[in-house]
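Got some structures for you, see below.
Here chain A shows up in two complexes: once beside chain B, once beside chain C.
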Partner chain A sequence: MKIALAGNPNSGKTTLFNAITGKIERVGNWAGVTISKKEGLIKATINHSNSDIIAVDLPGAYSMSPFTSEETITRNFVKNEKPDVILNIVDATNLNRSLFFTTQLLELGIPVVVALNKSDLTKKRKTEIDITLLSETLGCPVVETTSIKSNNKGLDDVIAKAIEIKGQPQTAPFNNQDVNLRDADSVESSDTERFEFVKNLVRKSENRKTKSSVQTNQDTADRILAHKWFGLPIFAVVMWCVFSISQTHLGPILADILVGWIDDLYAFVESLLGDDVSPLLSALLLDGIIGGVGAVIGFLPLIMVLFFLLALLEDSGYMARVAVIMDRFFKKVGLSGKSIIPMVIGTGCAIPGIMATRTIQNERQRRTTAMLTPFMPCGAKLPVIALFAGVFFNDAAWVGTTMYFAGIALIIFGALMVVRITGERHSRSFFILELPEYRFPSIQRAAVSTLSRAKAFIIKAGTIILLCNAAVQIMQTFNWQFQVVAEGAEHTSILAGLASPFAFVLIPLGFGAWQLAAAAITGFIAKENVVGTLAVVYGITNFIDTEELALVSGGADVASVMGLTSVAAFAYLIFNLFTPPCFAAIGAMNAELEDKKWLLGGVAFQFGIGYVAAFTTYQVGSYITTGVLGQGFIYGLIASLILFGILMYLVNKGVKKEEQKLDLCSS
Partner chain B sequence: MNQAIFSLMPDKLARLLQVNNKHMSQARGVNNLSEAKLNKEYEIKNVISDNKEMANFLSTLGCFKGESVTVISILSDTYVISIKDARYSIDLDLAKIVILI
Partner chain C sequence: MANIIVALTIILIIALSIFKVVIEKRKGIKCIGCSLSGGCSSNKGQPNETVGKRINIKEVK
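Let's turn to the complex of A and B:
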């Protein structure tokens, strides 16, 4: 048996889906978090029938009429896959709008159960809903649910009802078959009649104590948090607090404990191997695998704390307000506040972030957002940030905060360029976003989502990262004749040979060592590799506790082992964060951009930005701190100017094209 | 902090980023949603848009002829409006196409 979950955006479909299936799909207190359908088996504790029930979670839709692609997914699924029962999740606090979609679902001939979700909120507001009347008028069972609370009796009831009505015919209370879906006027007049029907029904069945258009303290909070001038500084402070807790305070304490365990494991395996094992094998196992993977895993606590805090923020409803603040800035560069949704999702992983651009209707905005979303520091980049913040900047929270805002700044700059290159500077776009209610974030839900991300992180570290580190270890052990590289002749290794040409190009950026180039290259496979590779090539197993380092790397601390100044280290961090993302994310870009020219342009742009930003940071920073420019200034300047020249040429071409078009229109 | 950033920008850029609040003082003769008074319920006369899909989308939210709408507040450059028991944030361009009686 198959049950489809359908309903308005942010009505709690995915939360309910997770509650009945025990799965951990991403949820957020705002519209548009789910962008593709997800399936799961309903838990045995809720399913009291003998057969399996598959639940399918669909993206939210306001209606069956085609407007955005996620609504198309819903419509096609319901029409083509013929689920046995439709579970319509209705936001009980907004019957007037939600039941519109319900009446459309009822016309499909598939039995429908209405889950009146968020019923805790209606009770709190003393809104009375006549469920019997609703059920009779709509011609389907109506059950009150609260999906954010586990062990909610309503969830059992809803599934029991679904099993009960399976196979029954469904009659529609309001039927308007002769609508031509392609004709907007015809759709509109039918919609008006449908709303009239819903309005009458709600008037009869709902008793509201307070009118919804009256100002509430939620609106007061909005006026402060999304304020014209205070909104952005408040957001900056919030992000700084998130980083301060995860990078400076709580995170390192937890990381210290974990790293202690990894060190114990290292020592244990070392003693287990004894002296009889070949030194090559023991180096591969100890330095390559335990050292490299351990260096990445060591940052897990920092990342988990960060993810936990971000999950709390998302759950609270604050992120929709951030979208409102950002709309003003994004609009100036041809994007809309909606672009912030993929970017926030991109802070977890760029791939779902890029996929979330599907909810943006305008094609150029959608592509621009998909191309620029990878600039947001994702979860895999966090160990890199944490490493450099820890080693060079004493775990300062400003490093991570700066990287987030630098990401946003580069996105705005990128969009500014793209809108000119495509010659659409004067095209208009609309912004509309539902403002969900603020709520106290659930610790439990944030913990569950953090644990699932941690699991994914560990799996990745145990597979891709492990393989890459082993490969790096082997490549740095042997030279091209497959002889073991002698001590002091590391530059003859295969790894050095491969990375050196790239290192040469990186000299003007302040980090022309082959080890650093090799780490940046392995970063394209997965960004965590930057940390793993650095650990392997410099023979460091412990990045977290610099006191312990003295034991591991022979008296020198990490900063001097790498031979970087703080400025060069910062430039290296910028380079790794703002060059193209990992290959998997580039693959996602390819899928969403649907155009080779855009993909190529996007990746080239990311390379150019990463190079120029790191170059500028290093040279300007060196000049400020030491009074002299860094190495290779002239060569870097020439390269940067060429890149800038190409960009300006494209911008100029685009602007001219648009002017010609405008001239044509006016004449 | 924000103010300081803007004072550093060239005049033109600063002006671009400033919010145009002129319409707030012209309360008489309310034509579209961007001119509406705060906390006052209005009836929608029409939604005019050359973008039929957008008008259609608005209507599925309940924003169409004959419905009531209230502007709750103006944040940054966006209008927080209440339609059918929900709050939405819309931008100036969208507010202008919602014509009121």
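Let's turn to the complex of A and C:
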């Protein structure tokens, strides 16, 4: 038996899906989190039938006439794949809007059970809903549910009802499915009739104590948090607090404990190996595998605290307000406010962020967002931020916050360029986002989400990062003749040979050492590799334990070992964060952009932006701090001017194209 | 002897890592270590032209 979970965005479908299947799919307190269908077996504790029941979680849809590709997934599934029962998740706090879709689902001839979700909120607001009347009028069972409590009775009832009505016919209370979708007039008149039907039904079955016109505390909070002028500074302060807690206060305390264990493991293995083992094997196991992976894993507590805080923010409903704040800026550069949703998702991982661009209807906006989303620092980049903030900037929270806002600034700049290059400066978009209510965030949900990310991080460290570090260690040990390189002659190693040409190009950016270039290159496999590779090539077990730093005589010497000043370190951070993302994310860009020209343009743009931003940071920073420009200024300036020239050429071409279009329209 | 044991240990660790990568790839997970990668689908759902047609209807109106 197959049950499809369908309903409006942010009605709680995925939360209910997780509750009945025991899965931990991503949920969010806003619309558009689910962009593809997901399947899972309903738990035996809820399924009282003799056979297995598959639940299919579908993306949110407002109607059977889709506007976005994820709405189409829902429409196509319920229409073509004919599930046995449709479980229609209805937001009980917003019946007027939700039941429109319900009436359309009832027309399909598939048995429907309505789950009146968020019933805890209606009770809190003292809204009374006549379930019997609703059920009789709709001609289908209606069950009150609260999916945020997994042991809620409503979930058992709703599944029991679904099993009961399988194969039973239902009569649609409002049937208008023969409307010609190509005829705009008939579509509109049909929609109006349907809205009237729903309005009448809600009028009869719902008794609200709090009218929507009454100003509540939520409205007051919105007036401040989503304010035109104060919204952005408040967001900056919130992000600063998040970084301060995760990277300066709580995170390092937890990291110290973990790093202590890693050190103990290192010392234990070292003592086991003794002096009998070949130094080559010993170095591969200790420095390449334990040291390299340990250096990355050492940052796990910082990342977990950060993700936990971001999950709390998202669950509270605040991130949806951030989308509203950003809409103002995004609209001006030709993006939609909806673009912020993929970008926020991209702070976890760029790949789902890029995929979330499917919710954007306008093709140029969708492609631009997919191309620019990787500028948001993802979870994999956090160890790199934490490393440089810790070693060079005394764990300052402003480093991480600056990187986030630099990411946003680059996205705005990038969008501005794209809109000019494509010649669509004058197109405007509208952004309508249903703001979820503020609520006290669930610690449990945030903890589950954080633990799931932590598990994933450990798997990545134990697979991709471990393999990369082992490869780096081997390439650093041997030269091109496969002879072991002597101590002090590492520059003759295979790794140095491969990285040196790139290092040459990076001299104007302040980090021309082959070790740093090698780390940046391995970062394209996975960004955490930057930390792992630096640990391997410089022979540092971990970066955040103060005792370990003492081995190389303090933070200043770490800088000198790396050959970096603070300004160069900041430029290196910018380069690693704002050049193209990992290969997997580039693959996702390829899939979503659906155009090689856009893909190549996007990757070239990311390289150009990362290079020029790092160059500017290093040279300007060097001039301010030392009074002289950094090394390789002229070469960097020439490269930057060439990149700028190409950009301006493309912009001019776009402007001319747009003028031609406008001339054509006016004539 | 000690060298052989250490070499075998390293080979075992690396082999296990490769094995895990292969298993994950066979499961269709695009990027190992992403907590959301299992949910990332390459299914585009539908060609965007369908959406375009629907939008055009509204725009004509």
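The rule is simple: the second predicted complex is superposed on the first by the 658 of 667 C-alpha atoms of A that agree within 3 Å, B and C clash if a C-alpha of one lies under 4 Å from a C-alpha of the other, contacts with A are read in each partner's own complex, and residues count from 1 in each chain.
Going forward, contacts are C-beta pairs under 8 Å (C-beta built on N, C-alpha and C of every residue); 3 or more make two chains touch, one makes a residue touch a chain.
Bear in mind that the values here come from a model prediction, so they are computed numbers and not experimental data.
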| item | value |
| --- | --- |
| First (chain B), second (chain C), both or neither touched by A:D52 | neither |
| Which superposed partner A:E136 touches (first chain B, second chain C, both, neither) | neither |
| Which of chain B and chain C A:F195 touches, first, second, both or neither | first |
| Which of chain B and chain C A:D264 touches, first, second, both or neither | neither |
| First, second, both or neither for A:E128, with chain B first and chain C second | neither |
| Touched partner set for A:W229, first chain B, second chain C, both or neither | first |
| Contacts of A:D595 with chain B and chain C, given as first, second, both or neither | neither |
| Chain B versus chain C as contact partner of A:G274, first or second or both or neither | second |
| Chain A residues contacted in one complex by chain B, in the other by chain C | 65, 67-68, 184, 187-188, 361 |
| Complex interface listing, chain A residues touching chain C | 25-26, 35-38, 65-70, 72-73, 76, 181-182, 184-185, 187-188, 273-274, 276-278, 281-282, 284-285, 289, 348-349, 351-352, 355, 358, 361, 363, 449, 452-453, 455-457, 459-464, 466-467, 470, 526, 582, 584-585, 587-588, 591 |
| Complex contact set, residues of chain A against chain B | 62-63, 65, 67-68, 93-97, 100, 184, 187-188, 191-192, 195, 212-213, 215, 218-219, 222-223, 226-233, 236, 320, 323-325, 327-329, 331-332, 336-337, 361, 428-435 |
| In the complex, chain C residues that touch chain A | 2-3, 6-7, 9-10, 13-14, 17-18, 20-21, 24, 30-37, 39-46, 48, 50-51, 54-55, 57-58, 60-61 |
| Touching residues (chain side chain B, partner chain A) in the complex | 1-3, 16-17, 19, 39, 41, 51-62, 64-68, 70, 72-73, 75-78, 80, 82-91, 93-94 |
